[in-house]
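The next part holds the structures, each set out as structure tokens.
Next, two complexes with chain A in common: one pairs it with chain B, the other with chain C.
Up next is the complex of A and B:
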């Protein structure tokens, strides 16, 4: 076979493969944002910072107990759930459009205030992490970091990324089942479709939102541990991940779990291929351009109704 | 304008002139390297940043988290021109503004008339051809490559073309916010690779500018920015702009050219941000991509505007003072500044969402009644604090019993049943306004009378603690069922039954499973109490009760509620003119059945608005006769009785047809 053609094939195959793996991991990063966005029409600008907070929680936990990083999920996920529930209950429920109306503010202000509050939260979390931990890069050490599974002579896939991909599929299925197969899940969807009717049916929308927010942050907990295991992180990395998550949600459509996976895959593959052909810094730019492009063409997402 | 306003305006103007004069002579009195001058310089710059952002967010409703892109571009434009040309730093400053303007224009052009829609490909093709020519030129003459690397060249040109084609200003809300952020991030990524600007290492702007020069130029910039924005807002564009912010659809229908408004505002915002950034980096000397394009710029700017008051002209200036004060106070705790600013801006959003200027305006725009009430509250507060003033204040300031709000609302279920009909949409919106007002008055109980709950023998009061089910309206059955779930204040209902009996009105408590609830009550509770957190007292419309009897019932119900220490929201459910269409009509073209009805309805509402309730009562019999008004407006009698002469006016949130009949959502003003 022609040597050049072979390497071109390998490049593309590697790009598709590791791009898909990256995409699964992106999907997990985005699930929480998609839930928030889809259910409450709330863009949580602190989402990225919650991910990083979760990663630091895992680090703190591991410094106390010498176990496999996967065990940290048992602590991180419930803690994040509680944080999400409480934050929604005591803060974010009060800055909705309706809340602004009650205080006699204009509707446009009502749309802005959750963005402004979560933006403030993003800064507080980042700065808080900086104050507690240092600005030094941290990572969750694990023996899998450099393991790879060899699929062909020049084709490998990172074991860690493969596990993450599995976890991603599992989580997406769980959330999907939760939303469609459980009482609370249906309540969440009802509240997102028509808050007024839902209220009429005797649902406490504030509580439903709080649960949805709790689940959103619980998934962010899983994503945070994943981030920590696959790369080093710093207190201010949140916004980067927010933009990735937002990109996935925009690509996949609002509030759809299948969309999150598809969006993650597209973004991952495009980034890896751009990195392969144009150099490492093109990864980020290509991602941003892709997201802006979709925003320009179909702001409601590629795969939404 | 009243005489009082004029004098206040003159006094304000005099104060402003005095302030400007002091700021102008201040540098002469202070040391050339005075710390105070530097603080003021920083205040001026951040006020300009704030102005620019406020113009977008506060007036045009475009929430940007990417204004740092203009900071970076303005700063780097100055650095590049100063470093690569013989121009001195002051001659280089206009290039900051120019670069900001051009970049804003690049982002805004797809909105322009010439490049919109299908023709958008033309400039793209031109740009692509130019790019190819440029690539060819670079191949021949490598020195022509201003990007100094083929990777940066290609990425930047691609990015520029893409940003040019991106219809950024068409995005709304969170999409616009994140898109601006992405634009800033992607430009930052390119800048940190660009050799010309020192790659990631940044550049230096060495110059011999003095603090006094910086002070005066920043002061001039702030003055110009303030004047321009003031002029803009004073012009008819200013009104159009706020219209765009509050309701883009509505603004479009009244003929506001939204594209031009948004473009203009965006260009002004970008230019001023870049100019201020030029001055900022003259002082800072060193500029790096992270320091120039960082998201923390947005954090600062948001704080400045939110603290000062979004959507006000003086907000950013006040906010900049607050910002610099806090920032410098915290300078001792190195690194904690942003943490506190972030926390502070969250707290401000909850505690005083209109910022400092909101509080100032709140004091200035009190109506006479509000002023009286707030003075009373201050007095009560002092009494509590000082422990003086006779009567002990046992209750909290906001928990005194009595009527706290009163509403006249239509009983027609149509806006609930078909919420998509445009003819009934204003009614739904009126309901929403009433709901907000009702919630804001924080009642313990809603005291409700619906003309549609008919009773014949006795006066009936609903007495079942919780009553829920489904209801199909007799007339509008084809629209489907309404669900309801009501919590009844049974204590109050029992007290009312007892009191009415003593007063000679035979009353009965109804406490039966499945007792029918009328459409009017369901509709009112659906809209007014969506969270079902406020219990309700429901009284029936006994068809033999006349106006005065109904009035006494309302009076009695509120008396009993006050005896139980409750805050009461009074609601009278019923329509205005009563003629409905007998034949099928297209609901979308619904209108008041006759011109006469319409005129009468409006007359009645006008009397309410003007607070002429005696005239209103005198007119009611004629109104009822002429328009077959809903049960002789007995629901109004209920309201008048319940509020006991405390009504001074009204706000009509909505007036319109419900299948020909007149309906209105009215919120009364109380003293």
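Up next is the complex of A and C:
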């Protein structure tokens, strides 16, 4: 067998495989943003900081109870849901697109003001984390970090990444089912489109948005624990993940969970392949070049209609 | 039903005015709607017909600029202090002008959205089947996204969506606007069927002859006030025309 051809095949297979695994993880990071942005037309600049906050919550929980990191989800997810619900009700509902339209202002004004509010929120969360946890890098220790499953002579996949990929598929399916198969999911889509008519359906739009934001942050809770388990993090790491989430949403198109998965997969695969062929420094650059390219030729996202 | 219950109207409107900011759009409206009525409201553009219907379902109380004054009572219960959600829960709903469907959602999702209230959810499947019985075309197209449908089909979805809340009173804003005459005939047949099932109907209609044909009561609005009201048999076309244009003849 031709040796060169074999290694070429292994490189590509590896890139596709670990890129896909990375892509699932990216998709989870982006779900919350895709929900807020795509369904509710709310651009949440604090999304990355909420992810990091969730990772710190998991660390705090683990310092009190010595259990497997996966158990932290039982605490982190509900806490993040409540935070999302409350923040939406007391703050974001006052500045949303829908609130602006209700006051007779243009929708573009309604897109601007949440940008400012969530940008401020991002700063507050970062500083708050710094005050409580100091600036040392933290990580969620777990036994799986260095485990790998051998698929062939020269082909392996990280156990942790594989588990994350499974969780990603499960979460995307759950959110998709929630949006399309439940009363509350339909209400979220309806109330974002036309709050006045939603009221005629008996929906209290502000409560509906609060549930949507709660779910958005609950998914950010899962993503935050994943981040903490796969790398070290610091209080101001939020924007890094916000960029990843934006990348996924831009590539996949707005508001669809299938889009989030596809966007995550593309970004993950391109990054890993670029890393393989052009060295580690090319990873991030390749991802952002791709995003810029897509923004230039198909600003509505690759897969939105 | 006791004789007294017949005397109390289903919906009683008294001294109702509605404002957009400083601008008064309807002026001191008094109107009783009895159970089993088909009331047609006719009037020129800007006469305040839509504003009246929006005031009844609380949509003039939502924004910061618009508000209402006066009383609206439904079965003796005040609606004017309630939010739209509670008014719909009480059994009054509106089919809005221009349909206002959720454009990116399928026919079935649009219909199911109408059964959001907790008390409606357990029976939603049964009512969905009833609506598909009334509009068989919608059953075939249940998976279709509504923005791809014709105006008449969209109006069917809008009516079906309102029916999902099992209302006792439906307000139709501009029921036939922009629809082909054959489609309008069909829609009116459906309205009669809905009415026959015991739903009281209020219809805003531009076509005076159609309004007179379908309604058991007609009221004409002009410049924010009701200027003429009565049974079609009592009213001459001339009297209605005069009221419509506000001309003294």
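Assume the second predicted complex is superposed on the first by the 291 of 305 C-alpha atoms of A that agree within 3 Å, B and C clash if a C-alpha of one lies under 4 Å from a C-alpha of the other, contacts with A are read in each partner's own complex, and residues count from 1 in each chain.
By our rule, a residue touches a chain if its C-beta (ideal position, glycine included) is under 8 Å from a C-beta of that chain, and two chains touch if they have at least 3 such contacts.
Just so it is clear, the structure is predicted and the values come from calculations on it, not from any experiment.
Taken together in the superposed arrangement on chain A, chain B and chain C clash. Looking at the shared chain after the overlay, A:277 reaches neither chain B nor chain C.
In the superposed model, A:116 lies in contact with chain B only, and not with chain C.
Of the two partner chains, chain C is the only one that A:183 touches; chain B does not reach it. In the superposed pair of complexes, A:94 makes contact with chain B only, with no contact to chain C. Once the two structures are superposed, chain B and chain C can be ranked by residues of chain A touched, with B on top.
In the overlay built on the shared chain, the residue A:193 is in contact with chain C alone; chain B does not reach it.
In the superposed model, A:296 lies in contact with chain B only, and not with chain C. In the superposition on chain A, A:7 makes contact with neither chain B nor chain C. Mapped onto the common chain A, chain C and chain B collide along 199-207, the only clashing stretch among 109-117, 145-153 or 199-207. The residues of chain A shared by its contacts with chain B and with chain C are 102-104, 196, 199-202, 204. Partner chain A is touched in their complex by these residues of chain C: 57-59, 62-65, 83-85, 88-89, 93-94, 96, 100, 102-105, 109, 112-117, 120-121, 161-162, 165. Contacts from chain A toward chain B in the complex involve residues 43, 45, 91, 94-95, 98, 100-109, 111-113, 115-117, 119-124, 127-128, 130-131, 196, 199-202, 204-205, 239, 243, 246, 278-279, 281-282, 284-285, 288-289, 291-293, 295-296, 299. The touching residues of chain B, counted against chain A in their complex, run 57, 61, 63, 65, 151, 154-155, 158-159, 162-163, 165-168, 171, 173-175, 177-179, 181-183, 185-186, 189-190, 192-193, 245-247, 295-296, 298-299, 302, 306, 310-311, 335-336, 338-339, 341-343, 345-346, 349-350, 353-354, 432, 436, 439-440, 468, 483-485, 526, 530-532. The touching residues of chain A, when paired with chain C in their complex, are 102-104, 180, 183, 186-187, 189-190, 193-194, 196-204.
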